[in-house]
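Chains: A, B, C and D, in written order; residue numbering restarts at 1 for each.
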Amino acid sequence: MNTEFITLNEERNVSLTAFLQPVGGRLKNLFQRPAVLILPGGGYHVCADSETDPVAYPYLNAGYHVFILRYSVMEHAAWPNPLNDYEQAISMIRRRAEEWHVAANRIAVIGFSAGGHLAACAAAMSENRPDAAILGYPLITADSIHDYLPSAPDAAEAVDEKTCPCFIFATRTDNQVPVENSLRFISALERFDIAFETHIYANGPHGLSTGVPSLTAEKFSGRYCSWVSDSIAWLNEVLGSFGPDGLSEPDFGIRINGNYEETLNLASTLQYVMQNPQGREVLSFFRRLEENGRPLPAAAAKVMTISSCLTYFGMGEETVRKVESELKAIKNR
Amino acid sequence: MNTEFITLNEERNVSLTAFLQPVGGRLKNLFQRPAVLILPGGGYHVCADSETDPVAYPYLNAGYHVFILRYSVMEHAAWPNPLNDYEQAISMIRRRAEEWHVAANRIAVIGFSAGGHLAACAAAMSENRPDAAILGYPLITADSIHDYLPSAPDAAEAVDEKTCPCFIFATRTDNQVPVENSLRFISALERFDIAFETHIYANGPHGLSTGVPSLTAEKFSGRYCSWVSDSIAWLNEVLGSFGPDGLSEPDFGIRINGNYEETLNLASTLQYVMQNPQGREVLSFFRRLEENGRPLPAAAAKVMTISSCLTYFGMGEETVRKVESELKAIKNR
Amino acid sequence: MNTEFITLNEERNVSLTAFLQPVGGRLKNLFQRPAVLILPGGGYHVCADSETDPVAYPYLNAGYHVFILRYSVMEHAAWPNPLNDYEQAISMIRRRAEEWHVAANRIAVIGFSAGGHLAACAAAMSENRPDAAILGYPLITADSIHDYLPSAPDAAEAVDEKTCPCFIFATRTDNQVPVENSLRFISALERFDIAFETHIYANGPHGLSTGVPSLTAEKFSGRYCSWVSDSIAWLNEVLGSFGPDGLSEPDFGIRINGNYEETLNLASTLQYVMQNPQGREVLSFFRRLEENGRPLPAAAAKVMTISSCLTYFGMGEETVRKVESELKAIKNR
Amino acid sequence: MNTEFITLNEERNVSLTAFLQPVGGRLKNLFQRPAVLILPGGGYHVCADSETDPVAYPYLNAGYHVFILRYSVMEHAAWPNPLNDYEQAISMIRRRAEEWHVAANRIAVIGFSAGGHLAACAAAMSENRPDAAILGYPLITADSIHDYLPSAPDAAEAVDEKTCPCFIFATRTDNQVPVENSLRFISALERFDIAFETHIYANGPHGLSTGVPSLTAEKFSGRYCSWVSDSIAWLNEVLGSFGPDGLSEPDFGIRINGNYEETLNLASTLQYVMQNPQGREVLSFFRRLEENGRPLPAAAAKVMTISSCLTYFGMGEETVRKVESELKAIKNR
């Protein structure tokens, strides 16, 4: 492991610590590694130590390069300074990707509490988006974040269609950052069809970090600690994992449907295609099938893809190919 | 294990299967066991086999008695028939608790899909509430449930302050029951301060049951299977677990705050106490403390308990006891 | 689940309880299931309840049919009565395999303590061998078993080349059945090149069964409980697992080398081939390679296969194929 | 984390890398941490990279300080150079314990392959013994180690009564270091009543290190990777863990019986006490109890403690105390 300490902004005391791992070894085709960029919490007043190195260890163990950003806090915290720090950090990592053996399109951001707010903003409104975001007991809503930094934006309201996949975890009994923050962000992701995973554990105080016994003796739901390995498994799904050929392709697409592609397609949702006059035309034969006794569940139209509708109706391969080519001929929007 | 099959309603084809475990053995003080009541899914058209016995096994393994309710479906499903079936089942279990060695106040209901709708209604609007509810990829909203049973109520709208603690899990890419169903129920729980835990896994189709390889070969996020052991750990927290003295007390209270007690108390939230003129009087010294440099985070008032406020201000034991006795003298509502 | 109770020997009070699972369902090609046959412990004096149904649950959960054999104990225990009971049980299961949807060549035996002795004898000296054996804190040596049943044989001495793969677990501080019993059996397996896996946990009393909290409140190494899921993962490796085409082939061969095949082959060990004059001839070119600077580690000759030797020397595909065909021309023994 | 690189022996190219963690934080009473000293493998020819930093990460995550010793290899490897390197390293760590916040009596050594041989020698024959030892697929026997370093001793033969508790893991199909090496060491520990835990996984090649996917794409039994968390749980049992008062006392004694104490005692084994004429006198009443129908299992005498014998006979507290005081009056050896 090679450690580098880089001052990003001397005046605002902003720095990037890099823990870089070698490539090669027994995995002969491993020429680059994915990376996580850690944004510790601390209410934009400090960068909490318990959310720096202790968070780095499990991701290093999982084979990731790790970067820790100590962003602008206290008198330097005025928005958008922290977001600009993030932009500067991710730009540098992508620019030096070759030198550092970083897979430039497999960089996740992970933030806690106020750092979770910053990570959510990185995911939802930055210039230089991360490829995935992990948010731990994040501050999200204007209501909540304004207690700490009045100039900061509501991160849920910032969510747009370009937001990256997100993994959100929190404890239900956090009495410093109400769980409503996480719920608001999740709803925003749901509205924009952004892929997400979430774990809200029944019991535990604020700020548990990885939850290992060397960090705290407080009482909390033991399964809380699973967020760490779960987030790694999720990253492997979203960004791809390690394999004989280096980094493998992701197991699942990062989009939960095909509504944002350039043309309509089999992964578009039923509701979405039906909103398009030409699309409606292609699917006109559905009505006859429904009348023949297999009505589609109306409420599922929002999430059911054309592909799953065709399976539902028991259509053969030929029909599937025909529908696909007709849909792909229709420009999206 | 002793198996009993009980016909609850011959006309509607409703039955209760009981898998009863012996008491005693190496745990000498174990005179009764907690129980789970399983409500399989199937869109109120069938009771799906994959959500009956395969769900029973892990709870039997964890030491629970298990009951499976095959409730009214198809032509018998008109609401409130299924809910009445539930009422009949739980009444019988509680009535025969002594004979069956069931801990009558430690009975959880677990339902999937349409059975998750029924379990949610049991939790939120039944006469004879369960002590905990586990909801797997549940149908919740009127929109969604009406595709299957037009007479059924919206379970999220039914949530009230007597709703039991809930554990909700689903997959984000379920394209039969939109994840919005789970999110709506969680929001309702949050509004009523009901304790909950939730796990929404990134990828997976509808109806995975326990997710073991002998049930399905479909592709889904591997950590999905953790819902089983997580739900058991959660039940142990909510209902108590097995120990040298038989069943232990729960690790955590089932209420996330003390707002529903008979009097105000240290577990009441700041916001709640401040809404009460007498309570506001008791806490009048907070303002002075805040002015001395430790302002309470405004947004946290909804979730911060008086107890945590006193810790926040560094108050000694004497003050804590004084505030407690003053609050306990104030009738709630 | 379908439960059957079959009296095997009325006089000796021997019975077989079957928990049979349905086939089909979402795994369309699942026409048969693997099975485990449980042999509870109890010093050949009783069949302990804590090692019957509680052991069945996790294997049912994993998709296995489960059989529980209550064999001859007390006045009926004189050897070979218990072994005969086993023979009768496994014969019946294999005979009725079609009716019960059992995969007749995927049946594992699992025994505890005295039942572990019986399972070890089934694995090592029965007529009708199981396909795999799981031994929990087993009695093995003559010394130990004779305290309980003077007529019983030493199971380690019975191990032969037809012994099935074994999974052995125990606790180091068992002060009823010394851990030496497990160690002796493992050494015997090692001598005969039988595949095995073993877990000896640092701390715990005798007779913990699955170790779930509803069985005992005694203090032991928490990871003890992993033997259950580890044994299931091991069975899946040895017997094959569930998949889209029903039951899959095993991940690994059950033989750790090819020394027991009909001819010599690439999986034979170096030492073994070198004991055969014709084999030695085939490998005569190894000496030259060694002299050229890559001496083979002498001590590894016992375990190194010809295949790994060829890799070690960096031989090309052509040489590998040539050596293979020459070896396969040599009859074994 | 503070990284230090210390040259121990310039001529032999021996170095110690220290990853030191801060104390304090949310665990207010944490003034020192336990430590692990890593000895990478490489056949005494190199120090393999895959067994240095990648092994450090999980122990750092668990709260341990980590030291990596790059000991004498190749032309510098002649015995006892590597053992002397170990002695120098552990002496330095204990000497600087206060400065580095190391708990000087909670230092574990962990070695792999040839490093496992060195760790075994450290455990069994060094001047300055570690408090626990973890051996991964170790070279042990003279036969095996002499392929790599002819001057090195057989580690199994070195085991004495002062050997520290050991955790040994390996894969059964390792065809570079035969599993017999591990078995021989385990038997030696068993003979000397040394506490141990062992996991031998069914399938996997040599040199898997932690087994994470970023290290190798080879095929092996998936549960192999559990050795890491299991070894940490075991260390917590042997050395004590993190808690509200800093480091807690161990859960279990490191001795599996009391035979090595200064006097006889309740934790001495039956066999051991019976070898002592005065001890035999104290236990003379056992014969009468056995004749009354509860014969002690003869084979268990080697492992059964006096304490468990008294429980077996159902003796009351008074008798227990009497026996204890009589035994403690008898000097050991």
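Rule of thumb we're sticking to: a contact is a pair of C-beta atoms (placed from the backbone, for glycine too) under 8 Å apart; a residue touches a chain by one contact, two chains touch by 3 or more.
The structure displayed is predicted, hence computed values, not measured ones.
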(message) More than half of A-B's contact pairs recur, by residue number, in one of B-C, A-D or C-D. Which one?
(response) C-D
(request) Please compute the C-alpha centroid of subunit A, do the same for subunit C, then give the distance between them in whole Å. (result) 45
(request) Identify all positions of subunit C at which a residue touches two or more other chains, and write them in rising order. (result) none
(request) Kindly provide every pair of chains that touch. (result) A-B, A-D, B-C, C-D
(message) Considering only the defined contacts, which subunit B positions touch subunit C in the complex?
(response) 1, 3, 21-22, 25-27, 30, 33, 49-50, 53-54, 57-58, 60-63, 210, 212-218, 241-244
(message) Can you tell me which positions in subunit C touch subunit D when the two form their complex?
(response) 141, 143-144, 146-148, 165, 167, 172-180, 183, 186-187, 190, 195-203, 219, 221-223, 226, 229-230, 233-234, 237-238, 251-252, 256, 297-300, 302-305, 308
